[in-house]
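Look at the two complexes coming up: chain A is in both, with chain B in one and chain C in the other.
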Partner chain A sequence: MILFHLKLALLSLRNTPRVSLISVLAIALGIGVATSMTTIHYVFAQNPLPEKSDVLFNVRIDTWDPDSEFFAVAPGEPPKAVTYQDMAGMQESTIPLHQTGVANGQIYVFPDDEINKPYQTVAQLVQADFFPMFNVPFQYGGGWTDDADRTREAVTVLSQAANDKLFGGRDSVGELIRLGTREFTVVGVLARYQPTPKFYDVVNSLAGQTNEFFVPFDLIREEELGLSVTGNTDGWGDGSTFVGDLIFTAAEWYWIQFWVEVEPDRQAEYVAFVDDYSRKLKELGRYPRPLNNRVTPMMDWISERNQAGETTVVIMILSMLFLAVCAINLTGLLLGKFLAKANRIGIYRALGAPRSSVFMQHIIECELVGLIGGAAGILLAMLALRLIVRMMPDLSGFVAKEIFRLDGTMIAVAIGLALLAGLSAGIYPAWRASRISPAMQINVT
Partner chain B sequence: MEIGPIFRAMAQKKIGVVLLVAEIAVTMAVVLNCINLVMDNRARLMIPSGVDEDNIFALSIQSYGDDFSEDEFVDQIRQQDLDLIRAQPGVIAATPISPLPLQGGGSSTQRKVVGAINDTLVRTPIYTVDEHFLETLDLDLIEGRAFTQADILPRLADDEQPAAPRPLNIIITKALGDALFPDGDALGKVITSANDQAANTIVGIVDYMHTSYDNGASGMEYRIVFFPGRPGGASGMRYLVRAEPAAFTDLFTDVEERLVTINSERIVRTTSLSEIKMGSQFVNVFTVRILTAIGVLLLSVTALGVYGMTSFTVTERTHQIGTRRALGARKFHIVRFFMVENAIITLLGIGIGLVMAFGLNAAIVSSASNASRLPFGLVILGVVIVWGVGAVSTLLPALRGASIPPIIAARSV
Partner chain C sequence: MQGLTKIYRTESVETRALSDLSLVVDEGEFIALMGPSGSGKSTFLNIAGLLDDFDSGTYKLNDQDVGQLNDGGRSRIRNSRIGFIFQAYNLIPELNVYDNVDVPLRYRGFGSGKRKELILAALDTVGLLKRLKHFPAQLSGGQQQRVAIARALAGDPKLILADEPTGNLDSTMAAQIMELLEEINTRGTTIVMVTHDPDLARRAHRRVHIHDGRITDPQPELTREGA
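What follows is the complex of A and B.
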């Protein structure tokens, strides 16, 4: 029966090619605009690690200057990063299954080949737990051990892009690459990995490209290595602590994203631990502010730090209203079309087609328009995204251009919106068509 | 006028009227909010930087040679670089700088009047520069003096670092001066940090500069401090070069290579300041372009919709129009009938649309911190635009209706 309806619907569309074309274009335009704008919002708002997002937390404690408010956060919020001493202090806890600091270190790469000249890169400073904790996929090898963190071993994990560039994509585990003043041993190569948003460091790189090198965090304390902290940092207090190794052990210098993985049944316990930890600091006199700690779930942290999100959500809403206007136009078009063939519908009815069947027939025709328009709209959305990417300046460290594309979810959203638009535009015209009485039509002709 | 028949005609096709009213209402709401957001974002894009941005380019240098770990070597190379740059024909001035201005964010600190409480701290972006920065950025010094070499303090070894920063002479923008010293007597005053340790003497005041920092949230973007110093090191050095317009392109492409001849163990990248500015303003540029596109598309779709629905009505009423014409109505009367009918519908749509527009605006303002309320003037503009689009799209089918010959009335259906 559905097939029969579909056949009739196709026939009907072909009978009025002009109206059909305009209807399809209206939906295509609406879907094209709404889908591309939704995609732009969604890439920053999506969950990059759905299987673990409810057990991952960003931790911050407020040891900021008692005499001034921290800026660049909502009023009353603690600084957007933690100090080295507090990361180390909080890592004493055994409650988290995994925990890692995440920060950025600038270093020179000296490739051992003719083609690649030395260049500067931003290495991702992480601890061994980073890889298992964030389900990071490996192509070759794996991460490093806690021991390597402790002994500041010169090991590195390469991104897929770095391995392609420096080692021609081969299994480079065990090979050496000079970073700064030392030869680093490659222990692992990532498979394709571009979490979007780049949740573990949204402060410095909301959706930027994955860093080429991951190195043990504490190498930052090896002064002669040529690795220096980069990215967003904030500090206050005694200037004499801002030199040498004191900057890690004594300075009030905020530059680390600190992440923990805590099982649901121990989360309350962990929050209590963080409060205890900062209470102890208070007793030691380091911590004059009232307790103001945050153990923020991953997705909340992403939305808190996505400042462009306010703009993209507004644009998304406006684009949905655009789609609504397209759908209203479609209603007008379909109404005109269905009522124009009242004669024919009257004959169907006289020949025994029930109202429900006439209604069904016309709804299917509307949904067909929706689907064809939706398909064209998806193409339009792809085109729109490509144009938008083309006008973007190079911000690859903060937002990689590759992320602006339609994935399966967005295509499903587009089809869903198209069906919804077809249905809402068609329901009244189809109902009107089904109310056409058989007798009157026969009388007139 | 035939108001009575118009209303009776509208009552005959209620759903058509409802559709048109809904379409115009939503269009009104969306277009008004698009224009408002575009104006907000454009206003931010139009803020002058006060800097001769079109004639300035930045050289970003990454030095990987081992020698660069020595500060003295870095200082020596910086001097050679700047001597070479300043000797190029067409170069007006050059300064080392850290961080780059106009890039969005950078480095900031807080300052207050000595002895004042911390509630009076003013946040300010900071730039470290040498004595050539005024001429390089093309800033107007309105009080005091420029930096001299003597303002740049000698380097200290790590173990000689004092607990409190050494006293420094600084140059500030007038906006910062006014924020700290409302009486306008900032010159010669000393300002300090939250912990009262810094001692910065204001030796010069520049008229104006704006650098994007916190999206305009706090006013700090106009309140700027310049510190004299030796910015940059092994991990990165930046120079700004201001060139004669005629020499800009050549210098932009050539200087890079010349610097490598001084020391080849480094990578030099040249970027124009306008490009750097564009990077920091991309969200605004994007919003302006996208919302302009959505607004124009929406008005076109609505115009076509009104045109289509009016055309449909005209066709439906062919017979009645013919009859009216046969009874003596002139073409003008037919056009007027449709125009008045459309005006009533548009008015209804605009009325409902205005309510929706303010509702939508309230939602936007509550979710986007930098959005503004709909100004009254904009409402008038929106009414004119939507009314105009509605009227033009009605006029064409109405004219067609008017050309229906009276003889139609004589024909049977």
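What follows is the complex of A and C.
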């Protein structure tokens, strides 16, 4: 019977091409807008590491200037990064399974080939734990050791893109590449890795491309290397500490995102450790502010830093309202169409169609409009996202093209929304159609 | 039917379309219902065909009181026991001959094999087996009415209600349609035909006249059970 209804619905759509086209366009427009906006929200709101997000924490302590509030966060919040000395201090703890600082360092790359000219890049400064704690996937090789961190060994992990560019995609583990003044040994090549949002560096780049080079964090202290801190940094205090190696060991300079992986049963213990650590600093006189530490779960940290997320929620709600307006308009169109074919409905009723059957037939027609409109809407959403990507300012490393695209989930959401819109738009017209009195409608002349 | 009353009401006007109408039709009868415009013929057919309800009275179809049935029950009876033939044919223009005849059988829930058998038998009866794939617009008026008759016949109804079935046809076509209805009637199907044409009415077993919503002919056996 469903097939019969489907056939009649298709015939009805074909029979009224203009109304059908306008109906499909109404849904397509609504779905196109809603899907593209939802995609943007979905990209920013998704959990990039669901299997570990409940054991990963961003750590901050408030050693900021006692005479002023830190400016780039909500009132009462500590600075959004930590100093090198505090990272090092907190890394004394053995509670975390893994821990790493994350920062950015600018450096020149000197490829050993004819094609690639030397260029400047931003290397990701991380520690050995970065790779296992964030489940970073490797195509070749792996990360480096804690020893390499300690001895500031010139080793690097390449992104897939960098390996493609510099080594033609081959297994380059063991190969040398000159960064700054040193030859770095490639120890690993990442598989495709583009977490979105880029959670481990959300302060600098919400949707940035994975950096080409990952290098041991402490190489930043090798002055002759030509590696210099870049990205979001803030500081206060004694200007004489902002020189040479003092900038790492003494300056109140906030530039590191500090991450720990702590098992659930030790999380309270770790929070107590951080408080103890800052209390000790207080006793040493370095810490004039009241205790104000944060051990923030990964997803909370992302949403705290992700101002785009709030905006996209508003845009998404507005786009849903737009879809609702389209559906309401469609209700009017369908009602007019169905009532105009009252005579036809009367014939079906005379031939034995119960009201429920007439209702079902017209709901299927509405869902067909929803489905066709949904498919057209998905195409519109793809076009819209392409347009949005084109209109995006060319931010450094921003990978709008890669992240603003419809995946299977979003296509399923679009189809679901389209069916819902078709259903909600069609229920009343279909009900009215089913209530048409056959006696009054059958054409006798 | 006994004492049927049907009143159409608007805010200001009350129109009594049927007024204490009583009529007994025996199984296998061919009745011609005649009356002037506005006499209640269409209302009678609508109620007889369970397309409309009535305000008071009793309507029994094959001993079943159909006045109290809900929409599903009325639809089932309409679908399985009643066939309609309209003056304007009322075929579905987008469906071909085969599919038009198929419509009531679909609502009946028959499988495709049985439907095919019934459709072909019905089209054979009306002589249109060679026009299966034709659409209504490709057929003459007479052929269209024969498709409508096949559609009414396909489900093997006990009662056929025909509303001016030859009203849109020329005399030759009309004669053919009448012959077809007579043939169907000889197979045992009860036919109630509304007509203005006295010549056609004379070919029925019985002529019944309706005026101001009442049957004006004597009804000899009103108390007996029947349709």
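Descriptive notes on the structure:
We adopt the following convention: the second predicted complex is superposed on the first by the 430 of 445 C-alpha atoms of A that agree within 3 Å, B and C clash if a C-alpha of one lies under 4 Å from a C-alpha of the other, contacts with A are read in each partner's own complex, and residues count from 1 in each chain.
Everything below uses one rule, namely that a residue touches a chain if its C-beta (ideal position, glycine included) is under 8 Å from a C-beta of that chain, and two chains touch if they have at least 3 such contacts.
Quick caveat, the model's predicted, so the values are computed rather than measured.
Contact with neither chain B nor chain C is seen for A:416 once the two complexes are overlaid on the shared chain. After overlaying the two complexes on the shared chain, residue contacts for A:230 are found with chain B alone; chain C is out of touch. Of the two partner chains placed around the shared chain by superposition, neither chain B nor chain C is touched by A:288.
Within the superposed three-chain arrangement, the count of touched residues of chain A is higher for B, of the candidates chain B and chain C.
When the two complexes are overlaid on their common chain A, residue A:336 makes contact with chain B while staying clear of chain C. In the superposed model, A:169 makes contact with neither chain B nor chain C.
Of the two partner chains placed around the shared chain by superposition, chain C is the only one that A:344 touches, whereas chain B remains out of contact. Of the two partner chains placed by superposition, only chain C is touched by A:356; chain B is not.
Residues common to the contacts of chain A with chain B and with chain C across the two structures: none.
Chain A makes touch with chain C in their complex at residues 1, 4, 11, 14-15, 343-344, 346-357, 437-439, 442-445.
The residues of chain A lying in touch with chain B in their complex are 22, 26, 29, 33, 37, 65, 67-68, 71-72, 106, 108, 110, 117-120, 181, 226, 228, 230, 236-240, 242-244, 307-308, 310-311, 313-315, 317-319, 321-322, 324-326, 328-329, 331-333, 335-336, 388, 391-395, 428, 432. Within the complex formed with chain A, the chain B residues making contact are 15-16, 19-20, 22-23, 26-27, 29-30, 33-34, 37, 62, 64, 66, 69, 108, 110, 118, 121, 123, 158, 161-165, 194-195, 197, 214-215, 218, 234-236, 265, 267, 275, 278-279, 282-283, 285-287, 289-291, 294, 297-298, 301-302, 304-305, 308-309, 312, 360, 363-364, 367-371. Against chain A, the residues of chain C that register as touching in their complex are 42, 46, 49, 51-52, 71-72, 75-76, 78-80, 84, 86-88, 90, 92, 94-95, 103-104, 106-109, 151, 155, 163-164, 167.
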